Amino acid sequence: MLELFFGFAALLVVTSLLVVLHKNPVTSALFLVLAFSSLAGIYLLLNAEFLGMVQIIVYAGAIMVLFLFVIMYLNLQHDVETGLQIAVRRGIGWLTGVAALLTAALLIRRGWALGPANEQLPEAAAGNVGALGRTLFSRYLFPFEITSILLLVAMVGVIIIARGRTKTAGEGA
Amino acid sequence: MIPLPYLIGLSAIVFAIGVIGVLVRRNALVIFMSIELMLNAANLAFVSFAAHMKSLDGQIFVFFVMTVAAAEVAIGLAIIVHLFRLRESVFVDEIHLLKG
Amino acid sequence: MLWIIPALPLAAVALNLLLGDRLGKRGTTLLAVGSVVAAFGFALRAVLHLAGLPEAGRELHEVAWTWMRVGDFSVDVAFLLDPLSAIMVLVVTGVGSLIHIYATGYMSHDPSFRRFFLYLNLFMFAMLTLVLADNYLLMFVGWEGVGLCSYLLIGFWTERPAAAEAGKKAFIVNRIGDFGFMLGAFLLIGATGSLAYSKVFEAAPHVFAVGGGLITAATLLMFLGATGKSAQIPLFVWLPDAMEGPTPVSALIHAATMVTAGVYMLARSHVLFTMAPVTMEVVAWIGAATALMAATIGLAQNDIKRVLAYSTVSQLGYMFMACGVGAFGAGIFHVMTHAFFKALLFMGAGSVIHAMSDEQDMRRMGGLASKLPWTHATMLIATLAIAGIPGLAGFFSKDEILAAAWATGHKGIWVAGMVGATLTAFYMTRLYVLTFRGPSRLSHEAEHHLHESPPSMIAPLVVLAVLSVVGGYIGMPFQEGGNTLARWLAPVLEAGGHGAHGGGHGGGHHLPHSVEWALIGASVAVGLFGMFMAFRSYLWSPAIATSLQARLSGLHRLLENKYWVDEFYHATVVRPFVGASEWLWRVWDAKVVDGIVNGVGYTLEGGSAILKLFQTGFVGTYALFITLGVIALFLHFLR
Amino acid sequence: MNLVPQPNFLPVDWWALGAVLALTVGSIVLLLMEFVPPRPNGNRGPIVSLLTLAVAAYAVWNVRFDKRALFDGMFVHDGLTVFFTLMFCAVGAVSVLFSWEYTKRTRMSMPEYYALLLTSVLGMVVMAASNDLITIFLGLELMSLSLYVLVGFRRNLLESNEAALKYFLLGAFASGFLLYGIALLYGATGSTNLQVIGDFLGDSPIANNGLAVVGGLLVLSGFLFKVAAVPFHMWTPDAYQGAPTSVTGFMSAGAKAAGFAALIRIVMRALPSYADEWQSLLAVIAMLTMTVGNVTALLQTNLKRMLAYSSIAHAGYILVAIVAGGFEGYGAAVFYLAVYSVMNLGAFAVLTMLGRGHDEPLLVSDLSGMGFRRPIAGLALALFMISLGGIPPTAGFMGKLMVFNSAVKAGGLMPLIIVGVLNSVVSVYYYLRVTVALYMREPEGEPTAFSWNAPAALALLVTAALTLWWGLQSQSLWIEAQRSVLGLL
Amino acid sequence: MASIPWLSFLVFFPLVGAVLLLLSPKGAERSARLWATVIAAIEFAVSLPLWWRVVPGTPGFQFEEKVDWIPVLGARYHLGVDGMSGLLVLLTTFMSLIAIVGAWTSVEKRTKEFFALMLALEAGMIGTFLCLDLLLFYVFWEAMLIPMYLLIGVWGGQRRIYAAVKFFLYTMAGSVLMLVAILWLWHHQKTLTGTPTFALEAFYAMPLAPSDQFWLFLAFAFAFAIKVPMWPVHTWLPDAHVEAPTAGSVILAAVLLKMGTYGFVRFAMPMFPNALLECTPWIAWLSIVGIVYGAVVAMVQPDLKKLVAYSSVSHMGFCMLGLVALNAQGFAGSMMTMLNHGVSTGALFLLVGVLYERRHTRAIADFGGLWKVVPVFSVLFLVVTLSSIGLPGTNGFIGEFLVLLGAFKANLWWAVAAATGVILSACYMLWMYQRVVFGPVTHEENQRLGDLTGRERLVFAPLIVLIFWMGVAPQPFLDRMQPSLDRVITMVQTRAVANDPTLVIAPPKTPTPAAPHGKPAGEVH
């Protein structure tokens, strides 16, 4: 089990690194898909089966397809990332990121406490979709409703922004 | 059960990679992907905590996060696409009308 | 009814202002002269009334209103008439009236006739306030008031830059004196808590130690005020320039009245001065020095009025000598006689100038005696009087001063006085000779216009001439218990009999007659000697004068340029001062203080410019800063 | 236990939820409206949204004195909620008013605009009302997403689009941090409910709780981003300048307030036990924020950008109050937020009227001579500037008074206070520049066009009146502000 | 009159007038000035009873009006008047009227707004003088900046914007710290008594540790010192004066500067006595430097207004010196100097305005020989100049003399140093007068100068009357101000001892303590 985890973990780290590193956005996107999938694997190991599925479907599926679609649509080639300025920025970026990681690690290593754990999951198996559903629609009803509006907004927003030149045409730019 | 430190460490690393991605890349799309990485790192943290605390809440949160992520992606991509229409570029360092 | 004396001229001023040109020339004349003459009348009446009083309580005192009362300090607007002020009032109003009359003639052709008399009346008001005040603060009002009037009158011909300049100089120099006066007054308040003469003099012996530092300081400061007003070293420089003003002004203000205010003030506060021997010495020596210096300068001046001006300074020096040796009475006596003959001299000179259509240089005069008989006669009398020829006013007063100096053992002062007397006799005779005798050096048209002055000018001359002759007899020596004047002044001057000097009783010094005769002889001798020298070197054989000039050219230039005192002041005081103010303004104020103020602004704007640089417009930068911020938060907890 | 509990709501709960419901319905109605013939002439949007906001406000007002906790305490209805809900409705209403003609002018007048405006108001309400990190996060996202779109609403204007992109990328980035912080806090405390977190942290010393610390800090930074505190402020000028003026006005008032509402709730509920730590931290940030904001504003020539920096500075003042803490402190913060929103909205109401058509002259110099040419608008703008500068007799002064008063009360904050007051002097300099342009300069060339219109004028007058009234008589507002926070302590 | 809120009327009547004026239809310029004049006249008439009704001899506040303003803070709308503020209010209403009438023809553009602002300014100033609640005071104090700022900035000269902004920022920078101090006091008071209040009287009664007092005093003193203005924070004044329109300068000099000194007497000194006693020498020497400095710098000013501005620095130095002398004479002198400076310098600025209106220049070099051209003007100019020099018989003398006397009683050397100012003032004023009025007419334009018009004479007449009245019979004024001033002095001394029992108030330091009636004292025996 632990070995599996290490496998997924390694894959996750490598792929996400490649996402960041690779010049070609398409490739990055594909690596991202891989990263998501390995994440899904870890979810399974943490017996969050349903989440794993959703991760594959929503993320690796829907979202990444969207990305790829856009990249294709914009027909992006290799990013040219040369020149001193970019090199400097890359250096600073890495330093900062690592620094953030380290400082956080140092802080966390100071003391390590976990919130109060339940003796065992409220009912049935963790992966139980039904259980999830119930909680979702009872305790988390309110946030759930909010998310619905959130999606609505997203939809409207996309329409507004991405709609072709219509009545706003001829506006001074 | 996978020990928590591993999980948190992993998620932290992924998060950091995401941050680094945002900092080093100039392609809006890739930056955006890195942000997705950050979100997923958070998700991982949620799930692992949930698993160790034997509570479902964490997983529920991941749900919401996914939804939010989806919404963001939609809007973000739309903006980027429109930007490309106007500017023929998705490179954030070519976009600085507003400064000072 | 004392208040009415100063009130009359003031009322004239007010009317003059309000009615304006509506009352024509003669109206103005009537108003101006009338008011002063009336004032003289009231003064005379008051003085007679005063004389009627028993010697003990011989003073009239009246409070007009409370001027200011703050905390434990209070001062009234109140008037005091006692023998001392009585003399001054009479002199001021009397001579004043004469000069007013004279002026009507002298100024008759001046476009701003009305303004002239307005000022003149204003001056009378201020001067009368000065002498009638019953406390130092009110005296100070008059003190500065006369200063103002002299400022206005010197600068009367406003379109003459020199005149305006001289006026300003007079005022500012006087201000320096007033600065001393004021501080002196403060010291008095601090010690006695009041400024009223009665209170101060009553308290003085209790609060001051004879010869103590405090009283010395106070008196010295007040004397500084006196030097300003009465043109003594070091503040005498304004008086000669003051001759820019119309001649009647010179006669009234710069000879007869205002300049003697200092002497009056000293006499008035003799109680204090006698308690400060050091001050007395200073006064005496300053007086002597001034007398000598002015006299020497007088030798070399060619402007008739300037000669008189320096002579005035010199005579004032005598008065201070008198005060310095404690003979306040003698000082006042000389004030009086000097008022007569010096006013006369000035008005005579005025008449000459008038006749010569504003020519003042003696080198272009001469031989006027026949042309201006009246002027010549009166001037001659005045010259003799000032030269100290026995039987005339000047002789008595000057002699009394010298005698007092000798009597009180100030041999040095006495010598200075004698030398001064010689010089006086010399330069006055020189003036007389150059003007009236010898060949005429007039230009042709001057010759042509030459005319004797109108009666309105001659009459006052005559009156004053008479006074210059008889004025001295109230101070006849060799009378037991002092002479008339001394006895008259006694209630005031012997009131405070404290201190080293045996009180300033008016010249009643105790000398054996033989000595006194000797002194008189000596002074007469030097007087005659001076006159003789003058006649010899300017009339009988003018060569001597020129050769002397040639031989002592350096000395001559020194005297001609008044020892370069003005230049000295200008270089040491005026120029550095102006320089300093320029620097303070342009450098300190504009650069330093405002530099700091604006500097803050610029610094902030610079910071703004720098901060703007961080706002690159690149998303990357912004994200970087966010991350750095997070790291900073972490570090804050890691420390 | 019934697995799908039918939450049995009392009427009061429905009232309490009224705002949320009304706003939701309103936005949906607006979206549907496009299909209702006849084609809207552009007046329907504002009218409907005004009605919605009125209803929402009324609903909450109706039960303003009740205290309810719904959905397992995720949604609480207390003083703070009431105050901020009402405030957001007001902000929304005013924004609608000055958007009315502006949107027509700039061809943005579509129902969607108002729909998004309502949804973002909804997001703000949720942020203010929720007592649970998750709901707060969702509210924040709801608000932000709507704002992203609104900022980019003038689609073909490069600036608008660029602003949207920057705002979006950075917003997402920041919410990444926020989310991760939430995750860690959840891990450290086993819950996302602020109350629970607070209680848990209450009895666990900070030393051995790295997770909580890191989580808390990340959450903090997330909100500091939203309220534009240094060094998380950099998006503000660009977003404000690029966005359509009406949107800028709306977000400068609303988004900031919402961020602070959530922040106040979090620090009061979840982090009181770590007060010393985060207070010393916020003190530094407050100083930086005030100084950087004001100083950078000095040289700005574009009005919107200048106001952006000024809004940063004002965030600094509010942070001072939060640092001061205590019910004076939080009360002062709330008070200041209300005051700030009013005067800022007023200023933007004037800006929306500048120019004609879709050209927007927004340089300070464009105001030259307007004070006398447009007396009312000019006077109002000057008033708002004076108020922003914190000069009596205006609301801005009272706000600063309350803030510094609370700081003095807290004690030991003298450096902070001194920096604060000196900053207010610095700020006056650039606010004065506006009045200088208004009254003391003549326009070179042709004076700026100005499209006076009734709705915006109404907004203007209302805000101006409030600015003056609260400057002269701030008692009532002060009491409300204090009551709003008293419930939480 | 006590029954109706008299003081409130005084405060708000001009404000109402201003608002109405602003609302009046456009282009009613002639009526605007008339309206403003009427308002100001009524205001003056209504304020006039202060002269009789503020009972002399009662130190406390009269006609008090108290209304709760912000109860949660304990801030009250609290007005009251005593001898001191009464006189200053009279000065304000009087000079405002004068200034408004004087500005009839000098304002060409935007007359309506101009006069409205003048009225608003008047209201603000009166409020500042009358209010007895520190928060209210601060509100008035700051709010008043706005109209003055606009007056300078809109109707000013070349560098008006710089001057206006400088004026505003300078003053505000000074006063913000005062706000902090006020808040501190509020909390201190609250912790002591439990009831929050900004009431002045409460602060008077509040014990304060000397250590606390020190920086509180500094905060207050700094704010006031800038307003006075004391050297070296005076540099805003010349700019403001030079650029401001005539009426603005008049008000600025005549009233605004007095707020600084008033602030010292009313607030800073009685509230922080120990700190005051500690700082007295510093303040004294700063004022003396101001006296001399102002005079010296005035000497070389090429611009009339700037010269007068620097002379104000000098005069206000006298005020401050009198205050720190901390004795009856000093206080009374300082108060008198405030009034005198109000009248004389106000008149001076009006006169300069007259010239400017005719010639549109203020450079001394552009004038000369005016005596022949405009005699009436020259005479008035002379009188005012002399009163500003402090010639005995004019108002200036009373103030200077009392101040110097007070200073002398406090410390001999203060008096000596300050008295040099008397000489210097003569130097620069007379030189200026000489260059403007005497000599030949150097500029052709000046040949055609018109003398004072009837209106202008009407403006100057009362000023001249005052100059002489206050010079010859100042007692009515002194009687009215003294009780309140004495109250301040006693308060300072008693509270100083109360706060710091170890303190010993030394009797005023003079060479020999005043011995009114010849009691032996001092170095005599």
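Should a chain be cited, it is by its letter among A, B, C, D and E, assigned in written order, with residues numbered from 1 in that chain.
In the analysis below, a contact is a pair of C-beta atoms (placed from the backbone, for glycine too) under 8 Å apart; a residue touches a chain by one contact, two chains touch by 3 or more.
Everything numeric in this text was worked out from a predicted model, so none of it was measured.
Show me the overlap between the contact partners of chain D and those of chain E.
Common neighbours, chain D/chain E: C.
Stepping chain to touching chain, what's the minimum from chain B to chain E?
2
Note the shortest touch-path length, in steps, from chain C to chain E.
Each step joins two touching chains, and the minimum needed here is 1.
When contacts are scored as defined above, which chain pair ends up with more C-beta pairs, B-C or C-D?
C-D
Taking CA centroids for every chain, report which one is farthest away from chain C.
Result for max centroid distance from chain C is chain A.
Mind checking the centre-to-centre distance between chain B and chain D? Centres are C-alpha means, answer in whole Å.
Centre-to-centre distance between chain B and chain D: 26 Å.
Return the distance between the CA-based centres of chain A and chain D, expressed in whole Å.
29
At what distance in angstrom does the C-alpha mean of chain E lie from that of chain A?
The answer is 70 Å.
Any idea how many Å lie between the Cα centroids of chain A and chain C?
Between these chains, centre-to-centre, one finds 103 Å.
If a residue has to touch 2 or more other chains to count, which residues of chain D qualify?
Residue numbers touching two or more other chains: 134, 138, 141, 145, 148-149, 152, 155-156, 158, 164-166, 169, 173, 177, 186-187, 190-191, 213-214, 237-238, 429.
Can you list every residue of chain A that touches 2 or more other chains, as numbers and ranges?
Expected reply: 89, 92-93, 96-97, 100, 104, 107-108, 112, 114-117, 140, 143, 147, 150, 153-154, 157, 161, 173.
Could you check chain C for residues that touch two or more other chains and list them?
Correct list: 612, 615, 617, 619-620, 623-624, 627-628, 630, 634, 637.
Using the touch rule from the top of the page, what pairs of chains touch, sorted by label?
A-B, A-C, A-D, B-C, B-D, C-D, C-E, D-E
Going by the contact rule set out above, which residues of chain C touch chain E in the complex?
It comes out as residues 65-73, 77, 137, 140-141, 143-145, 148, 151, 155, 158-161, 163-165, 167-168, 171-172, 175-176, 178-179, 182-183, 186-187, 189-194, 199, 202-203, 206-209, 212-214, 577-578, 580-582, 584-585, 589, 593-594, 597.
Spell out the part of chain E that touches chain C in their complex, as residue ranges.
Touching chain C: residues 166, 170, 232, 234-236, 238, 293, 296-297, 299-301, 327-329, 332-333, 369, 371-372, 386, 391-393, 397-398, 401-402, 404-405, 408-409, 415-416, 419-420, 422-423, 426-427, 430-431, 434, 437-440, 472-475, 478, 482, 486, 510-512, 514-525 of chain E.
Where on chain E is chain D touching in the complex?
Residues 69-73, 110, 113, 135, 138-140, 142-143, 145-146, 149-150, 153-154, 160-161, 164-165, 168-169, 172-173, 176-177, 179-180, 183-184, 186-187.
State the interface residues of chain D toward chain E in the complex, per the touch definition above.
It comes out as residues 372, 386, 391-393, 397, 401, 404-405, 408-409, 417-418, 421-422, 424-425, 428-429, 432, 435-436, 439-441, 473-475, 478-479, 482.
Where on chain A is chain D touching in the complex?
Where chain A meets chain D, its residues are 104, 107-117, 134, 137-143, 146-147, 149-150, 152-154, 156-157, 159-161, 165, 167-169, 171-173.
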